[in-house]
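Heads up, the next two complexes both have chain A, just with different partners, chain B and then chain C.
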Partner chain A sequence: MAFSLDLVTGALGFLFTVLILSYLIGDNPLFKIAVYLFVGVASGYTAAVVFWQVLYPKLFLPTVLILQTGDFMRGVLLVVPWLGFAFILMKISPRLAGIARITMAFLVGAGAAVTIAGALTGTIIPQMIATIDFFDPSLAAARNISAFEVLGNGTILLVGVVTTLAYFHFGARQKPDGSPKRFAPIDLLSWIGRIFIGITLGVIFAGVYAAALSAMIERINFLINFLTSLLGMS
Partner chain B sequence: MGANDMMDMVKCPLCGTMNPPTQKICQGCQTPLSGESFQPGQAPVKKDTGELEPILPQWLRDARETAKESGLGERYQQSEPNQSAASSSDLLAGLQSQAKSDDEEEVPDWLANITGAPKQKQKPEEPEEFTGVRWVETGHRDDFEQEDEVPSWLAGMQTPSTGADEKDELTEWFQESGAGKDSFKSPFQQIGNSIPSSSQPKPDDTTPEWLKQMAAEAGEKKTESESIDWFSQIPAESPAGSKDQSQEPSVPALGSDSSDWLSKLQADVNTDAQEEAPESSEFPVDTPDWLRNLGGVSSGEPSPFIESAPDEPEPLIPEPGIPSWLASEESKKSDSTPVWLQEKGGTESDVPAWVSQDSASTADSQAQQDNLESPVEDIFSDLPEWLKSAAPESSIFDEPAKPVETPSVGAAGPTAQPDFETTPAFTDGGIPSDADGLFTEMPDWLSNALETPVTPGASEPGTGSDALASNVLPSWVEAMRPMDQAIPGSSSLMSDQTFEQRGALAGLQGVLPAGLGFAPTSKPKTYSNKLSVNDEQLKHAEIFEQVLAAETAPERLVTERQIGASRGLRWAISAILIGVILTVTFLGTRFLSVPIGVPNELRFTMAVAQAIPENAPVLVVMDYDASRAGEMEAASAPLFDNLMLLKHPRLTFIASNEPGAILAERFIAGPLAVHNYQNGVTYLNLGYLAGAQVGIRAFAENPMFAAPMEITGQPAWALPPLQDVKSLDQFALIVLITDDADAARSWIEQTETARGVVPIVAISSAQAAPMIQPYYDSGQVAGIISGLYGGAIVERQYNNGRPGLARNYWDAYSLGMLLALVFTLGGGFVQLGLGLRDRTASRGEK
Partner chain C sequence: MRVLTAIIAIAVGILILLGYFFTQAEVVQAVLLDWAIILAGTATLIGIFNLITVHADKIRRREKDGVYSAILIIGLVGAFFFGIVLKPQSSFLQSVLLEGIIIPVEASLMGLLAVSLLYAAVRLMRRRADMMSIIFILTAALIFLGSVTLPFGEMPLIGTLIRPWVSQIWAVGGARGILIGVGLGALMTGLRVLFGIDRPYGGK
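For the complex of A and B:
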């Protein structure tokens, strides 16, 4: 294996992988060194990406082009990002930080509006319709699903949704001794909902474990490949 | 109580109660004993009274000027550094001395006697400063009573001068002065005593002529110096007449510049001083000559004052800093009686009657005092109140032990003591021929007293027509009249000059006088602080204490034992898992088969992918972290390998997170490197799309505006990968590669309306697949490839094992999942067994 950039990057990758894996023995300075380095590198990389892929192509470059061409009418829209850019920079000074609230208010307002609209049109309504469609035999036939399967899936889905929502209903009466007492049907539904929630969390945990296991396997495979390549065994 | 103690006692100006020197408030009437302000009628204190000089009578001013011109002023000024009384025979010397800083000694005694105000500041701790003069001023009655040395006439004057008992002594004194007794020189003697002099002024310069004339008329011999004759005789006679001089006040020495009558008085005193053993006391250095002459001795000569113990005369050694007129008293530590009051019976002929009453009559003084109590009150009935209180109890103004009806009786008593109250102050023959010219400059009250014909037999005080009435006092005397004494009941208010130290009245003085009626009249009642409780109350108190103790007692909190993984168990699981994966990966085994069954979401994904046209634009969204690159590449590589191999799509990568752009390059250059895709030709990287959901929404609405540039800064939408693509719905397929369910949801939600019928497939991490599954069930997502499991299935079922990455991980992944299952189930069973054991044990205990 020749001394190349791949060797250097591979060696650094090997080193930091070992440092991260050292967390198995607990929090230690080696792990902290690796974490600090990753955080620093990630921050620098993020700053570079933001400048070269956001500010430069979408703010500075258009401005330069407008100044070069003299077509200031096209640059009218650039006034808004420039103002927002200037206002955000006011956060540097505590006395002028209030000016940055204008830009922040704009961003938060626009983001909230976009999020709510997207959630309404992209999640809530489609999911409600999808829950109902589970009981539509025509759709099941279109998907090549039998009626029993559709009925079974729809029933499980309906029970799971109802019981899960019932679990998060925290209304209760107060017993003579002061302790809360749920309404009996709600208490029963919530108990069933706990099962669905448990299963869901178990599935998510399995997925997390599977993802982490895949990442660890990839890292171990990298280490083995690097060592075998370094030792000339491959 | 010794004589010194009695000297230290301070007399209350209001009620006459003797108070200890440390007492600031009278024990009898709660009247402050000392004030710090100067008010009309109050005795001059240590204040700058230079402002009073303009209001002095003309005759006094002239006298002062005369004294200054004759050099007396210089001598007086030279003597001031000694801090003496700085007084000469000049009556105004005391006023001049008031401009000095010394508070105590600058107050003329004669003025203090007249006003009756207490000394502003006394120093009982320094016995050197106590003299017989002070004793006379303060009028310590007890001194005379205890020592039985008080003459009968003084005994009669020891009645408290309070209330209606006080008499107009000044009026009587003037009346008596008109009686014309030869030996009556007490007023001047007192003046001479009250005006000490530290220097030796010449009598010709300072003594008024009228005083000389009066002395000449009295027929007294003059001293060899300029001392007043009759006044000089007093010290000489007093020692001879005194039996116990230690108990009698000594007279201050007179200056050499005293008048003739004073000198004569001194000569008389010296005569008696030769007869008895002189005092061993020493005069201070600054004792003036007139004082030494008064005692019949000079510096270095035996003192004319006789102490009780020593017989050898001692020279007068003045002490620096002590007034000369006080030094004489200082020499006699325990003697508080003036020398002029210590005369004996053998010298009555040359001594004024009031002086001739000595201690020889003290044996009879008590009886005489008892008999003369009431007559004295009658005699002083005409005196103003302020004069009664001003005059010391034992001063010369006090009524002798004689009946009022016979004040002119001369030597009363078996000892033939001169009856001083019958002795006129001025005789007819004593007034010089040029007295008119002298009296033109004298105050009215004094002129009237001299002009009044003196009748020896008409010595009844306050009744003769020649007596000076109190209401005709000169204005300057009236100004010094103590108003608090004239107004009964207000004395305490006026004398209460308490200087407020704190509060809203800080800095003010005398604004809250203590009235007589406000003083505590009786001892406050005392109440017992012992509680009287019964047994029941004690029981209740005990219960209450127990309740309080229970409330404040710390209560132990029952906390559940924190359940944590055992370090050894954790290390064991880690070792097993890592060892198995490391071994399998290192060995590269492939003994575990890939699943054969294909899930529906994966099947639909492959169907959609294989349905796109040839060389169709495909949008690839990269939204996963670098840590998930291994999983995501293994999951997505089979699909893209299949597409690139079969459909040769034009790939356009865009990232909704920062590392997505670089991960896209890694993905192309890594698992898909075999396809040799070129940036800008067969694929395009638009880079990072900022703004999260807003950016995604903007890109969905107008991709050319949201992402105009590719990662290298070239205009993206003119490049071959995006040829004929102007909007989102013009892409043939949208592939979402993400490990975050929220990112997948954002892309699904925000592109819901913009993408139209363009299918979107999700290649997700195993951890995000369950959250994306509902979008597949709802039809919003065409298909899902979930993690390494989905990639392995696609690789095996749809791609003929290419690129083989998932398969390389599959054995380790399968064993890892199996171990996880084992550990999870094993742990569950262990916990179940422990729970059953505990429950069984608890049941057994019950």
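For the complex of A and C:
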């Protein structure tokens, strides 16, 4: 293996993999060094990305161009972000931090609107349509599924959706012992919902565990490959 | 100030929301979202600056784990400096920071999760062996058994029939319920902000 950027990358990868996997023998200083350095490097890299991908092209560069060309009419659109930029910087000083609330209010308002639209168009409506479409005979025929199968599986799916939602019943009051107090039929539905939630979380757990196991195998494979190539055994 | 911030949040939220329903409001929505992106970027930088001050304070007060804080700040300042000078897409930064540090650490932490999850599952069965926990563990075991590849192929019945049925029908039903519940919760949170009932930016 020639001394190159690839070697540096591989050596760093090897070192950090060993440092992190050292946690298997318990929490130790080597693991802490790797984690703290990771947080620092990731934060510094994020800050650089934010500067080059967001602030420079959207704020600094247009401002410089406007100052150079003298087209101050276009600069009107930059007044608000510059004000917001200045206000949010006030957060650094505890005395002036209150002014930053104006920018935070802007961000919260924008976030709320995007959340509402995202929840409606990205989650609630598509999930409801997908549940309804399961009973569509033409779609089932296209997928070569029999009517009996559609009805049986579709019913299980629908019961799963309804009972899981009943479990997360937002209007439930609290009993003195802290458990939710629900209307009896809702209580029955939520009990069935618990079964579906248990099954869903079990499937998710199995998926995450399989992914984690794959990552562990990939890392061990990387360590072996790096060592064998470094020692010229491959 | 309280009234002003509420007016700003509600007005910005409504104007952005209108852009999703009326094409005439799309221009205003695009401008407001562009401003929000700039301000969110600035807020990220302020957050990172706060991380530096917190750890600098730990070093100044000579706390027990101060040396780790120093390592964090050195890593942060170094990555930021090289990121600004070389730009994040430079091949050197991509190789050293991303492929050398960030990706190996993330993959290794994901690998550690395999051990942590197994330990958590065992602890769950020891501490709380109720109906939910038993269903949870049995389902996970069933999915594992159904996914495992044996020398003679998939496990009969479990791999070919039961696992797909459980993961594609039963689990999807629960997952859809959870997703719709999360969506409804997000919708309510957003509406409460737009109606001025919740003011997380300050003020009651």
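Keep this in mind: the second predicted complex is superposed on the first by the 204 of 234 C-alpha atoms of A that agree within 3 Å, B and C clash if a C-alpha of one lies under 4 Å from a C-alpha of the other, contacts with A are read in each partner's own complex, and residues count from 1 in each chain.
Keep this in mind: a contact is a pair of C-beta atoms (placed from the backbone, for glycine too) under 8 Å apart; a residue touches a chain by one contact, two chains touch by 3 or more.
Here the structure is a predicted model, which means the values were calculated and not measured.
Chemist: With the two complexes superposed on chain A, say which partner A:P57 touches: chain B (first), chain C (second), both, or neither.
Modeler: first
Chemist: Should A:L65 be classified as contacting the first partner (chain B), the second (chain C), both, or neither?
Modeler: It touches nothing on chain B or chain C.
Chemist: After the superposition on A, what does A:M216 contact: first (chain B), second (chain C), both or neither?
Modeler: The answer is both, since A:M216 touches chain B and chain C.
Chemist: Once chain A of both complexes is superposed, is A:A130 in touch with chain B (first), chain C (second), both, or neither?
Modeler: A:A130: touches chain B and chain C.
Chemist: Does chain B (first) or chain C (second) touch A:T164, or do both, or does neither?
Modeler: The answer is second: A:T164 touches chain C but not chain B.
Chemist: Applying the touch criterion given at the start, work out whether A:V39 contacts chain B, chain C, both or neither, answering first, second, both or neither.
Modeler: After superposition on chain A, A:V39 lies in contact with chain C alone.
Chemist: Regarding the shared-chain residue A:V49, is it in contact with chain B (first), chain C (second), both, or neither?
Modeler: Touch partners of A:V49: chain B and chain C.
Chemist: More residues of chain A are touched by which partner: chain B or chain C?
Modeler: Per-residue touch count on chain A favours C.
Chemist: Does chain B (first) or chain C (second) touch A:I224, or do both, or does neither?
Modeler: The first partner, chain B, only.
Chemist: Taking the superposition on A as described, I'd like to know which of chain B and chain C A:A110 touches: first, second, both or neither.
Modeler: Both partners.
Chemist: Which residues would you name on chain A as touching chain B in one complex and chain C in the other?
Modeler: Touching chain B and chain C on chain A: residues 24, 42, 45-46, 49-50, 52-54, 58, 107, 110-111, 114-115, 118-119, 121-123, 127, 130, 200, 203-204, 206-211, 213, 215-220, 222.
Chemist: Which bits of chain C are touching chain A when the two form their complex?
Modeler: 1, 4-6, 8-17, 20, 31-46, 48-49, 51, 65, 68-69, 71-84, 87-88, 91-93, 95-105, 107-115, 117-118, 121, 131-140, 142-144, 147, 165-167, 169-191, 193-194, 199-203
Chemist: Quick check: in the complex, which residue numbers of chain A touch chain B?
Modeler: Contacts found on chain A: 24, 42, 45-46, 49-50, 52-54, 56-58, 61, 107, 110-111, 114-115, 118-119, 121-123, 126-127, 129-130, 133-134, 200, 203-204, 206-211, 213-222, 224.
Chemist: Once bound in the complex, which stretches of chain B touch chain A?
Modeler: Those residues of chain B that touch chain A are 571, 574, 578, 581-582, 585-586, 627-631, 634, 658-659, 661-662, 687-688, 690, 692-694, 697, 708-709, 711, 713, 739, 745-746, 748-750, 752-753, 765-771, 774-775, 777-780, 786-789, 808-809, 812-813, 816-817, 820.
Chemist: Quick check on the complex: what are the chain A residues that touch chain C?
Modeler: Per the touch definition, chain A meets chain C at residues 5-6, 8-9, 11-14, 16-17, 20-21, 23-24, 32-55, 58-59, 77, 80-81, 84-85, 88-89, 91-92, 98, 101-124, 127-128, 130-131, 153, 156-165, 167-168, 170, 193-213, 215-220, 222.
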